[in-house]
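Below, chain A partners chain B and then partners chain C, in two separate complexes.
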Partner chain A sequence: MARESSFNKKSRIVLIIVLGLFSIGQLFPLVWLVDFSLCKSGDVYGANILKIPNPPQFINYYLAWRDGKIPQYFINSIIVNIVSVLLVVLFSLMMGYAFVRMEWKWSNKVLTYVLLGLMIPIHATLLPNFVIFRQLNMLDSYFALIIPYVAFSLPQAVFLMTGFIGSIPRALEESAIIDGCGIFRILFQIILPLSKPALVTVTVTTFLNTWNEFIMAATYLTSDKFRTLPFSVYNFAGQYASNYAVQFAVMTIVALPSLIVYIALNEQVTKGVTLGAVKG
Partner chain B sequence: MSKKALKVVVSIVVIAALIVSVFGLIQGNLTASASTKKTVKIKFLSNLPDRTSNQGKLEQMLIDSYMKANPNVKIEVEALQDEPYKQKFKVYVATNQMPDIFMVWGQPSFFLPVMKAGYAAEIKLDQIKGYGFKTSSLKDFMYNGKLYGLPRNTDFMVLYYNKGLFNKYKVKVPTTFNELLNAAKVFRKNGIAPIAINGKDKWILAILYQELVVKEGGDQKLIYDAISKKSVAKNQILLKAAKDLVNLVNVGGFQDAFVAADYGAANNLFAQEKAAMYYMGSWEVGMATNPNFSESFKKNVDVTYFPTITGGKGKKTDILAWHGGGYAVSASSKVKNEAMKLLLYMMHPTRWAKIGWQQGLVVPGQSWDKFMTGKETVLQKKLTQIFSSATSVSGTVWQDAFTPNFKTEAETLCQMLVAKAITPEKFLAKIEELAKLEVK
Partner chain C sequence: MHKVLSDKRTILLLVLPGLLIYTFAILFPIILSVYLGMTDWSGIGRPNFIGLENFKKIIFTDTTFWKSLRNAILLALAYVFVQHPIALAFAILIDKVGGRAEKIFRTIFFIPCVIPVVVTSRMWVSLYDPQYGLINKILDFLRLGFLKQQWLGDMKTALISVIIICMWQGFGWALLIYYAGLKGIPEELYEAARIDGATGVKLYTKITVPLLKPVIKVNFTIAIIYALKQMETVYLTTNGGPGDASQFLANYLYIRAFNSYQYGYANAISVLFVIACLAVNILFQKIFKPENYEF
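The block that comes next holds the complex of A and B.
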């Protein structure tokens, strides 16, 4: 007994050390980002891994805010992201329910078809989508981003939702039907509250993917009006020289919302992933 | 309660849809009202996303002043950084939606296919009379004797160095390759990186190789001819130059891990006075005034010719110079005349060349001597002197003179050579193989 507890103690210490190192490794890039966002651009590459900014260049944040057009791009990002996330959540919930609980002829085949989307690389779709959007006169609008964002997020979201809804006991729905519930009430009043962990996971993954997306935005947008946040970084990149410090400041600002979303919903995400993965 | 939740969900979705459609309507209205007023809209595709400094600032300044002078013209700039730029350019080409005026690299590996396919509008030579373009500077913007674009800048390779470090360790600024090797050894011993170079970017290595070929052979055409004739492997001068390059690597001439250093890394190493020299082009003229660099560095930065080679036929005044970026007007543009006017306005010698030079932003593609004010920085003065004393210039560098594929492969081979993954002999054999495949 005594030996076992000393072993436990030792293994605990090892565990703490390993986890400690791991968290340092995970947190270091963030510290590094903030550190260099306060330095001068010429200081970024040097022998020191971290550098004490002397004096701290808060002007970098001002420049990022003004020349990076952060307020304007931020509003665009918010609009595109909120609409995309809402649509993905709504569609994945409804589709998940339809695939798992409802019986119809092509159910399995359609599910496979939707999940095939997981395998399609974004770059292969850029050109055809550009042509389609142009013909629909939709280039350079919020829709030109929202539609592909939703389309690319749906397969994964549906995958998560089908797994999760499958784990909800059928008895709940059966009793609801006995009480006279229609299909929409079942979906929104019973399934929706129960799938909260999965929906949060879908929200976070969709948000993180679309928040940082650049290549589709660069292709489908032509004017400045609808550009999203990742463009701010490029506003400080020249042909030969880039203003690195201000880019770091931009990235710090851009990273904040995703960090906040992740911290706020962290627990739910872990729950959602595991519950979705292990059925019943 | 649960009914409430349903209502909330539905109303959020409806509101979101409304917001989006309102924005869509606003946008639609804007374009509609613009067309009724008969304003001319010019789409401008640029590779300079930074509109507040350097060339991007100059470009935006000229565009703004053009719009001020012509209130009926609205210029929409789309600026993307090099790689996204190339990607977007491909999309525009593939969908036949070229912007009215766009940036081009005046290199056969980029611009020749564009000209051949007829995407660029012809610029008549008498339209640019008195603009100060030398015929040689327009060579790569011409196809079949017709001109399709105008270059922005003069780019040429030089050796920047840090006066302070050379004085401190009592090293003579190298004028021959052997002196360069010796200087490298001294700086190595004292823990200073001799030459900062961005080996990760590859193109710089290919250019340095050409520099050595010119200094060995004294003939600017040699490397192009050898590749066109596909007789590379047995050329003694090409071999000697490849050996020189490996030699420079062997004495530790570049910073540690230079193969992994990108542009910013090499530039910052030099600017932080941790490297004595920096092999780069004239476009770094702004280093002397960059507010991000220390006063001590700005006081010490200086520039010179790349050294000659003892026994080589090349003179120090045989330099690598070309005209990189420039502008072209789309042949299928609906506002072609307006776009052409804008191009000619921007490139008028009193604008791009004069303003750019006097603000220390660029080394112009047109002759700039008449715009000298006497207030130039040391770098500006010395660069002017180096360029005006040139006895021969290369034109488009070798890796850009053929196909896009040739460029990629040749640059990779140069990187393999300096990383000592292949011997100089093997390097030349591979270049020959490549020439046989890519050059017709």
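The block that comes next holds the complex of A and C.
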């Protein structure tokens, strides 16, 4: 790489050490959390900043799993997220195509209307949506989360998809149309495979946003039945108020899925974040 | 060709599902909120229309509303003047380190941003705990024990403590956006400057920072909007307290609606909140025109 050639080995090592120290600093709270999740609960009161768990208290994780209702909440999170992400991907692909390639008078106006959603903070819809969902008997259901999750993910997804579809050369579609293909075959057999990089970005960013979402879930769900994973952490403060180790174990478990998805797909997340950054 | 692409029924089929769900869950509620904001509704029973009464009350007599706005501005200033210079410096360092290390560090610094806010917020509640928290332990360790505090529970330190959490959570975001901006600066410009005799820090002040200007603008605006929208962290740590020391707009309207059952009043705050966000956004679009980005 060009940038490395002008840069000697010694100062690179110094740089790595500096960055290493700072990233340890940035991650230290998480290390502390995981460390004490493996200790006995009272250990956290000691003077030590970190403590070697001896022996590691895996029972904390068992209690967290069982009493944090992790399996139940996890399944709810999976259902809500898979449906939301699939709908966002499908709708943004369809809308992206209609806005970029189809010929209709209102195209630009409707696109502007959808992109307006980028400016609206979710918190402003919490109160009215609560009233609407209550009126429609929709509170406390998967729909009460899926609908707003899809709605709020769409503007950014449409923004990404219109940008991407616009960059696909028209030649393939033109010949397909001459061969007599309908729009839906073009959309799903030509555009869909070509849009894979954009769709992966949409998938990952939507997933991380909705998976970690808490305020809407806290507002629209009133019973335990449909609650999502973040509630494991939230509920625990009462039952295990003084058992910090188990609380920390719950937090570690809840943090893991996002962390795994991020590490596995970090290129796509990085793209999603930097592209999303220009959304305004 | 034209016939296929302008078929009205197909267009409707493609656009309608998304459009309906978006209108139902975002636009319609906002309009409803404008109406509810003009009532004295408590959340049950029938709403009474009272016109702009709530808005007058909020703007002229509600000190918590203004304090929430002030706190958001303080958070925005902390982002822009504390978090961003550090994030930019580290983005430059990461860009410079190259090779595998570059990717690893980029990944590490973003980790706090992908962890659910419920976890990071609760974690910070523990870190700040006066009895067992890491912060006080570190102060003890550094022989600065006299600085020990009840961080989140004290009027004097609650806001700054919440601001520190927010800066920690968002650091990776700011860094990543600067980093992406740096990647867009062509290497030839540096080469040319080096031939002209520029070295070290000069290279950065004369080339990197000026060329990064659009990215800096975007990043600043994102930070300001983020500060304005702040809710989750504050809800999960201090809930605005003690008193209204660390209150933020979104959290405040939530409390008014669900703790004090002033639904109409809360909706009025919500409307002002949307207006503030729109204003910042429009200002931002005036300053910065979008460019084309490639995958």
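Note that in this section the second predicted complex is superposed on the first by the 210 of 280 C-alpha atoms of A that agree within 3 Å, B and C clash if a C-alpha of one lies under 4 Å from a C-alpha of the other, contacts with A are read in each partner's own complex, and residues count from 1 in each chain.
Simple rule for what comes next: a contact is a pair of C-beta atoms (placed from the backbone, for glycine too) under 8 Å apart; a residue touches a chain by one contact, two chains touch by 3 or more.
Model, not experiment: these values are computed from the prediction.
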Next item on the list: For A:Y234, decide between first (touching chain B), second (touching chain C), both and neither.
Entry: both
Next item on the list: May I ask you to decide whether A:F207 touches chain B, chain C, both, or neither, giving the answer as first, second, both or neither?
Entry: neither
Margin query: Per the contact definition in the header, classify A:F74: touching chain B only (first), chain C only (second), both, or neither.
Written below: neither
Notebook entry, point to check: What's your read, chain B or chain C touching more residues of chain A?
Noted result: C
Next item on the list: Check the residue A:K40 against both partner chains and state whether it touches chain B (first), chain C (second), both, or neither.
Entry: first
Item checked: Contacts of A:P148 with chain B and chain C, given as first, second, both or neither -> second
Margin query: In the overlaid three-chain picture, which partner chain does A:Y61 touch, first (chain B) or second (chain C), both, or neither?
Written below: neither
Note to self: Looking at A:L127 after the superposition, I want to know if it touches chain B, chain C, both of them or none. Which is it: first, second, both, neither?
What the structure shows: both
Notebook entry, point to check: Can A:V158 be said to touch chain B (first), chain C (second), both, or neither?
Noted result: second
Check: Taking the two structures together, which residues of chain A meet both chain B and chain C?
Finding: 44-45, 47, 87, 126-127, 130-131, 184, 214-215, 219, 234, 237, 244
Notebook entry, point to check: How about chain A: which of its residues touch chain C in the complex?
Noted result: 1-4, 6-7, 12, 15-16, 18-19, 22-23, 26-30, 32-33, 44-45, 47-49, 87, 91-92, 94-95, 97-99, 101-104, 110, 114, 116-121, 123-132, 147-148, 150-152, 154-155, 158, 163-164, 167, 174, 177-178, 182-184, 187, 197-198, 201, 208, 211-212, 214-215, 219, 229-230, 233-234, 237, 244, 247-248, 251, 254-255, 258-259, 261-263, 266, 269-271, 273-275, 277-278, 280
Next item on the list: Show which residues of chain B lie in contact with chain A when the two form their complex.
Entry: 2-3, 5-6, 9, 12-13, 16-17, 19-20, 23-24, 27, 43, 47-56, 76-78, 80-82, 84, 87-88, 91, 94-95, 97, 263-265, 267-269, 271-272, 274, 281, 283-284, 286, 290, 292-294, 297, 325
Margin query: Quick check: in the complex, which residue numbers of chain C touch chain A?
Written below: 1-2, 4-8, 10-11, 13-15, 17-19, 21-22, 24-30, 32-33, 36, 43, 90, 93-99, 101, 105-112, 114-119, 122-124, 126-127, 131-132, 134, 137-138, 140-141, 168, 171, 173, 176-177, 180, 187, 191, 194, 218-219, 221-222, 228-229, 231-232, 235-236, 250, 253-254, 257-258, 263, 266-267, 270-271, 273-274, 277-278, 281, 284-285, 290-295
Margin query: Under the definition above, what is the set of chain A residues touching chain B in their complex?
Written below: 40-47, 63, 67, 79, 82-83, 86-87, 90, 126-127, 130-131, 134, 140-143, 146, 184-185, 188-189, 192-193, 214-215, 218-219, 222-225, 231, 234-245
